[in-house]
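Look at the two complexes coming up: subunit A is in both, with subunit B in one and subunit C in the other.
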Partner chain A sequence: MIKEILDPRFQRLDVFKAQHTAPTQALDQLPTYEVFVLLKEDGQYQHEGIVHAPDNEMAFIFAKEQYSRRMTCAGIWTIETPNIFVSDYSENKISIYDSVEASSSHGSENYKIFHMLKRGKQHKYAGTVKANNAEHALQVAKATFDISKPILNVWVAKSSDFYESTEEDKQIWNTLPEKTFREAIDYKGQAKIEEFLKNKKQ
Partner chain B sequence: MYGGGNTFEKIKAKDPHEEDPILLAAFEARIERGEKIEPTDWMPELYRKQLIRMIEQHAHSEIIGALPEGTWITRAPGFKRKLALMAKVQDEVGHAQLLYSAAETLGKPREAMIDDLLTGKSKYSNIFNYPAYTWADSAFISWLVDAGAIVNQVANSKGSYGPYSRALERICIEEAFHLKFGHHCVIHLATGTPTQRNMMQEALNRWWPPMQHFFGPPDKVSAHTKVLMKWKVKMLSNDDTRQQWLDMYVPKIWELGLTLPDDKLRKNEDTGKWEYTEPDWDEFKRVINGDGPCNAERIAVRKTAEERGRWVRKAILNKEANYVQPLA
Partner chain C sequence: MNKDALKDLLYKMADDQLILGHRNSEWIGLGPLLEEDIAFASMAQDKMGQSLALYRLLQELGEGEPDMVAFTRPANQFHNSQFVELPIGEYDFSLVRHFLFDTADYYRFEMLMASSYEPLQLLAKKLKGECRYHIMHADSWIKKLGNGSDESIERLQKSLDYSIPYALGIFEESKFENELILEYVFEGEIKLRERWIEHIDAVLSKTQLILPDLAKESPRFGGRYGEHTEHLQPLLDEMGEVIGSDPTADW
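Moving on to the complex of A and B:
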């Protein structure tokens, strides 16, 4: 063991005094929110992962750091995990909609529909339908969306359960031009290596 | 940042022969077809447990791996280096979160994983138990340790578990900047003043043995590892990972006129393989089991963070909320 901690911040904190009074109690944990991100204005929202948060608004703040820190972003939706209804997974080439009866009668509430087209890929936003409940939303979706390609899995959730970023929020993501230091392209070293090799030869 | 290494020793789980043969056959056929496994699919117990342990250790490695470099943020030479290093460390912590999430889809809550890290029940990459004495050590980590992790992560992103692959694809995109940034730092030191050059050389000498340990001991191909390779959990052997890394980076180190502290290190042109002196595997075991230069400090820092953040977590905890397993 080295005698001295090298990080001055940790020296000041006197870290060895920390008492971790061990296993966190069951459920001493924040619930999870599923995060959907719109990478570009003309793109499609897609599922990117989860965050742990106390509520939807904090989930949005964490999601902003976690999922829109590095790439472009035009919008984020978050929703608490249990609010999403999940269909079964079908086998390849069989669509989940094959076992759903299409319905042309609409309901009064908005539901967002997400489709998974390939295992290993993200769920993508297909659109919103008006329905009475999640099951009905699936039936309306069958009659509404292009489902010519087999859909392997569907997520359905009430639009009102989402936290959605607003038009005004978009300026948060308008920072990429100032952050080129986070891009690989900003670190070109070849010229310096060549100069070094040339000087060495002389 | 994570190497292969020590995650493939046998774990306690139902032997694949005891699983339902019909379900097992369908599961294996799916992997054979190149399809990914998603969280709600049936999977053998061994697959689930091995993946939890692997992804969890990967996550811990990211979070602990941020510490030796984090040490250098305040003392990084110049504003631009500070910005970049801060962004890199932030990425690493973000990667830990992505990986914890992927492991959570298999049924182990994030809090349980963090508890296991703090109690020492679950491990992280051994290399982070070594100290970063100088800025050149930090540059070594950014370039070469990340490079080792990328070799492993690119391979694992082609593995069979959907959520882990998705997390890794994202991680690999973000790591591209780390690698170039690290190389840039090393180039500047190596082509700088004699003092800078010397500093870089000393860092290389110090980190060479743990870097060789990073890829793990030579593989024993047991029945256990064969199953994990068939299930696309383990994608590359420790030796393959090490060879790939040596092949890509040793020439780049030598190009800068730096040396490596191993007389036997050379590429055998006949076999196409690198030859090297076996590192001290006893030291590797000793450090993994807690007796490294920084093991105690790394865990103490995490415990401090846990302790000092407790009031915040308590304040925002929503008592009515129900934790459920995330979807994907």
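Moving on to the complex of A and C:
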């Protein structure tokens, strides 16, 4: 047990005097949302990770700080995890589309298609197709997109299930460029430690 | 351009950002959920960056070096509103303060995008994006929790009722108010207050929260003239602890 904490925030809190309450199970874990980020205006959306959030709008709010704080960003999409249909995974040079029958008859709903080209790499947005359901969207995608390279896994999700940042939202990524004070490297810690050690030896 | 008027405006803005940035950073590692902890800490850091940018403008006008100005003045030389120096309390209060203060902040910078003082006009344009995110974050939480459970609505309402007199203190007029308006530096606290009310009223009307009758409230003024609550000096002591024990400390 820690006897003394110097951080004044903790001293104020009296954490060790506080009565520990049992976690309230139902409230302790919010659902997960998948986050897709557009790094540059002319790039493509790619999967960056997940956030816990109470709803899609809050997922976007959290994703902005979590996944676009340090890099450039031109847009974010979020979607609740269970709303993504995940195809089987294939290996080596076998494309997942090899076992899908192409379909040229379109449906009435928009589905977004994300492709994984390499194991361990993020899923990237390939485009949107009109289909009746996720399986049908896969079939339409096969007939629509360039699938000359083997696609190892596909994510399919209804466009209407996404929360998409708007044109107006873009201004939130237009911030002060002088952010070096946010980076550990700016404090030149290693150089200072070395100098300290050098002086100590002398 | 009246230099004293300009300095007065820059000091109150910079001090607001510095003090609230420090206050909000007290939540780091203690936030209600990891994602919110990151977002709130990041916005606190934005405020520190904004205060630094404003202290630099003051330095150009002949004031001291930003670190010294930020960490070595006594409380009665600070021009922040009393609202920002209040302890963080529980998360409901910190969220409500974030909502009320950052809304005012957003519109202040928006108005300053038309300022006749060019360095401030340029800075306001640069900060717009950051401030925009801050109010998106605040509005989303207020709408979510203001329509949430009985407990969340009751907590927010209590914090709102407590905060409103302090929030009105943000708009305490400067003794240079007329000069600032006449020289088109800043359109003034009264205009800002109008835009602030419009925004918070629009957000609150989408919730079950009730905005108290502002005409019946007495604003907590004084902060802009160096009168502060008992909470500011201990905070300044804590912030200045390193520089106070070794003014040459470097890290």
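The working rule: the second predicted complex is superposed on the first by the 168 of 202 C-alpha atoms of A that agree within 3 Å, B and C clash if a C-alpha of one lies under 4 Å from a C-alpha of the other, contacts with A are read in each partner's own complex, and residues count from 1 in each chain.
Throughout what follows, a contact is a pair of C-beta atoms (placed from the backbone, for glycine too) under 8 Å apart; a residue touches a chain by one contact, two chains touch by 3 or more.
Keep in mind the model is a prediction, meaning the values are calculated, not measured.
Participant: Mind working out whether A:Gln66 is in touch with subunit B, subunit C, both or neither, as first, second, both or neither?
Facilitator: Touch partners of A:Gln66: subunit B and subunit C.
Participant: So, A:Ser148: does it touch subunit B (first), subunit C (second), both, or neither?
Facilitator: Touch status of A:Ser148: no partner.
Participant: Of the partners subunit B and subunit C, which touch A:Trp173 in the superposed model: first, second, both, neither?
Facilitator: Only subunit C; A:Trp173 stays clear of subunit B.
Participant: Is A:Gln202 in contact with subunit B, with subunit C, with both, or with neither (first, second, both, neither)?
Facilitator: Neither partner.
Participant: Subunit A residues in contact: does subunit B have more, or subunit C?
Facilitator: Touched residues of subunit A are more numerous for B.
Participant: Is A:Asp55 touching anything from subunit B or subunit C once the two structures are fitted on A? First, second, both or neither.
Facilitator: Both subunit B and subunit C are touched by A:Asp55.
Participant: If you stack the two complexes on chain A, which partner ends up touching A:Glu34: first (subunit B), second (subunit C), both, or neither?
Facilitator: In the superposed model, A:Glu34 contacts subunit B only, not subunit C.
Participant: So which positions on subunit A get touched by both subunit B and subunit C?
Facilitator: On subunit A, the residues that contact subunit B in one structure and subunit C in the other are 8-9, 13, 30, 51-52, 54-55, 58, 65-66, 69, 179, 181-182, 187, 192.
Participant: So in the complex, which bits of subunit A are touching subunit B?
Facilitator: Of all residues in subunit A, those touching subunit B are 1-2, 5-10, 13, 15-16, 18-20, 22-24, 27-32, 34, 47-52, 54-55, 58, 65-66, 69-71, 80-82, 84, 86, 89, 92, 119-123, 153, 155, 179, 181-189, 192-193, 195-197, 200.
Participant: Within the complex, which stretch of subunit A touches subunit C?
Facilitator: So the residues of subunit A touching subunit C come out as 8-9, 12-13, 30, 51-55, 57-58, 61-62, 64-66, 69, 169, 171-179, 181-182, 187, 192.
Participant: Residue numbers of subunit C touching subunit A in their complex, please.
Facilitator: Going by the criterion above, the answer is residues 26, 28, 30, 33-36, 38-39, 42-43, 45-46, 48-50, 52-53, 87, 126-130, 132-133, 136-137, 140-141, 144, 238, 250-251.
Participant: In the complex, go through subunit B and note every residue touching subunit A.
Facilitator: 33, 35-38, 40-41, 67, 70-71, 74, 80, 83-84, 87, 90-91, 94, 97-98, 101, 104, 109-112, 114-115, 118-119, 131-133, 162, 165-167, 170, 173-174, 176-177, 179-181, 183-184, 187-188, 190-191, 255-257, 291-297, 300-301, 303-304, 306-307, 313, 316-318, 321-328
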